[in-house]
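Here come two complexes built around chain A, the first alongside chain B, the second alongside chain C.
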Partner chain A sequence: MFCEKAMELVRELHRAPEGQLPAFNEDGLRQVLEEMKALYEQNQSDVNEAKSGGRSDLIPTIKFRHCSLLRNRRCTVAYLYDRLLRIRALRWEYGSVLPNALRFHMSAEEMEWFNNYKKSLATYMRSLGGDEGLDITQDMKPPKSLYIEFFLSGPMSKRLWRI
Partner chain B sequence: MSEAYFRVESGALGPEENFLSLDDILMSHEKLPVRTETAMPRLGAFFLERSGGAETDNAVPQGSKLELPLWLAKGLFDNKRRILSVELPKIYQEGWRTVFSADANVVDLHKMGPHFYGFGSQLLHFDSPENADISQSLLQTFIGRFRRIMDSSQNAYNEDTSVLVARLDEMERGLFQTGQKGLNDFQCWEKGQASQITASNLVQNYKKRKFTDLED
Partner chain C sequence: MHGRRVSESSAGAEKFGWSRAGLEQFALLSSRFQVPRLRPHELPVLTACCSGVPRCLAGRRVSIRFLVSEKMTEEPDFLGQDSDGGSEEVVLTPAELIERLEQAWMNEKFAPELLESKPEIVECVMEQLEHMEENLRRAKREDLKVSIHQMEMERIRYVLSSYLRCRLMKIEKFFPHVLEKEKTRRDGEPSSLSPEELAFAREFMANTETYLKNVALKHMPPNLQKVDLFRAVPKPDLDSYVFLRVRERQENILVEPDTDEQGDYVIDLEKGSQHLIRYKTIAPLVASGAVQLI
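Take a look at the complex of A and B:
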């Protein structure tokens, strides 16, 4: 049956405990793309034969291969997308500098995506909170205590306030 | 569990699967019995016992009974049943439906095909005359089992839950996990750990693995 390799990719990700990023399966992906190419070429040739050779009985077979192509596409896109979701989570949980072990698990394109994401996030954070910007990746949970102590800057400074 | 990782959820209980959901991809890989309504040339290699051989262009003959994955059955099915017709797997047929209505709790839904509810819901696409009964059965089975799942997930704290989840299907296991998370978060809050700063789970997992890499 077709699409076995694609299923392996999906299972590999599904097995990794929530959020962990396994190594990028470049070889597996290559095999799926090769299978897709073979399916496409077989269908091209059968379509020509069905049209000019009057072999309309090939149509179910063509449909079978087409479903397999769609399935392979779905598995690869879902694989790549889920990995991006995990990589995005790394920025929020780990920070902007990833340990080497993690970086080796990412493909070059994923690394590029991560850098672009970091940049977008940084630009956004700088646009908040006046001159200095606001690091929204800190303090993501609401405070547990009732009172907050803070200092005011400017003319009212040097005094401790409580609300 | 990583709190910043938001995976694509399953849509199988609704009208359509979610394209990007890994859970739905796994669910639709499960097989169901079908019957070919027309010969399918050049695919004999996949079904060697049924293949017509070289004279028929290596075809899978018309009228063959096969087991195909759900995604393939969905793709080849149409309401005129020109390529294939679909049979209901046993657990969605009348016999088992009666068992479920008698006592839904005794059944091992994990063994019956780990995506009982999702797969059953997507089966409705094949316009079986029993669709109304199948949907009722799915609903009533869940209603029958839900109470026990909720109770056990809310009362098993810091213990081995493998016996409790052994007979649950994937959807029910997800529910159980959600319940456990709620329980753990509540206990954490009660102990006052909610305001302590702890390293994120993700970071801890990676630190552990790095140590073993060094040992190798």
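Take a look at the complex of A and C:
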């Protein structure tokens, strides 16, 4: 059936737990694009026949193929976009330099997207004010320093206070 | 006076598990900063501090001036003159500035869409942080004072970072809608994006579009190569429900219920009351500051 491969791409991402980036399925993507090409060519020839040969019974088939094409496109764009969102999350979790294991899972274009995103974020942070701006990827949790130790002079001098 | 300040800020503070007792005791503590000798019964088991910015840092109140004008585009003017556009100066103490920052932060966290940008608050807070850092560097190593000031600085930095992160996240999530709104904004309306955020949003959009085009779209049949991101990326859900506290009394708010059986009805919002209501109904009130999202 059509769009099987595209669905598999989406399912693959759906199965990977939130935040994890599976390896880039280049093969799968290529197959989906080939299927789209084949469908489109079949449609082109049918459209010509329908117009010139007056074969209006081909129209439902044309519509069906067109729907499959749209579905394929939607699935691929969803797959790629979701991967981008996961990669974006990596920047906030790991910082500017990604661990090697993750880098192998990304395609070259994804790496380029990541570098551009990093640059854009860095420009924004630098513009925030002061000389160096504010690094907002730090301070992810409210500060909770536990204790300050100090001694008192005078009558309480023996004890170590902690607040 | 300190007691009153504590009760105002404790609602937000309690979210993070700061105890009321700890807050009250720190309020006492901060009023006695100058004196290193502290009476023992005043030393609390501090879990955290309230957000009163230590006024005694420099020994005097520091005034922040910024122009409040219709256009909201001017830089803070520290020489302070009334410009002819009918703008006024607002002089804020650091404590009030931090309060405004926290209000903006909570509003941004709980609102489903990107709110108006507040560049003047961000700039003033950054300046305050710089002053505090400078003062700390000059101060001698009196442990208690220095540590507590450092804690305070870290807290303010956290709130500011969290606020900016929240905004960035919303910009990235709704980027086509945010950019479209900015394009169709009329002059004189306040912008929901600062210039830097606008640049960031544009770069993000260009980056994503280029990526999708190069990896997939250009290999697709010619009639399918354009993807309308405005329709593909979901819009912010303005119908989601939010909690709010009313700061100024409002009358005659029109509420449209989501089921068809009930008709529209009108409610009044009393000052100090708390409600759970659809965001769409009260969106303009959040922008004007009449309600506070909690």
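Convention: the second predicted complex is superposed on the first by the 140 of 163 C-alpha atoms of A that agree within 3 Å, B and C clash if a C-alpha of one lies under 4 Å from a C-alpha of the other, contacts with A are read in each partner's own complex, and residues count from 1 in each chain.
Just so we're on the same page, a contact is a pair of C-beta atoms (placed from the backbone, for glycine too) under 8 Å apart; a residue touches a chain by one contact, two chains touch by 3 or more.
Computed from a prediction, not measured in an experiment: that's the story for all the values here.
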| item | value |
| --- | --- |
| Which superposed partner A:Tyr81 touches (first chain B, second chain C, both, neither) | both |
| Touching partner for A:Ser52 - first (chain B), second (chain C), both, neither | neither |
| First, second, both or neither for A:Gln20, with chain B first and chain C second | first |
| Partner chain in contact with A:Tyr124 - chain B first, chain C second, else both or neither | second |
| Partner chain in contact with A:Leu70 - chain B first, chain C second, else both or neither | both |
| Chain A positions touched by chain B in one structure and by chain C in the second | 70, 77, 81, 88, 144-145 |
| Chain A to chain B touching residues, read off their complex | 1, 7, 10-11, 13-14, 17-20, 46, 55, 57-58, 60-61, 63-64, 66-68, 70-71, 74-75, 77-78, 81-82, 85-86, 88-90, 92-94, 99, 101-102, 144-145 |
| Contact footprint of chain A on chain B as seen in their complex | 1-8, 19-23, 25-26, 29, 38-43, 46, 69, 71-72, 75-76, 82-83, 194-195, 200-203, 205-206, 209-210, 213 |
| Of chain A, residues touching chain C in the complex | 29, 33, 36-37, 40, 69-70, 73, 76-77, 80-81, 84, 88, 107, 109-110, 112-113, 116-117, 120-121, 123-124, 127-130, 134, 136, 138-145, 148, 150, 152-154, 156, 161, 163 |
| Residue ranges of chain C in contact with chain A within the complex | 16, 37-38, 40, 43-46, 48, 122-123, 126-127, 129-130, 143-144, 147-148, 151, 154-155, 157-158, 160-162, 164-165, 168, 172, 196-197, 199-200, 203-204, 207-208, 211-212, 214-217, 219-221, 224, 227, 232 |
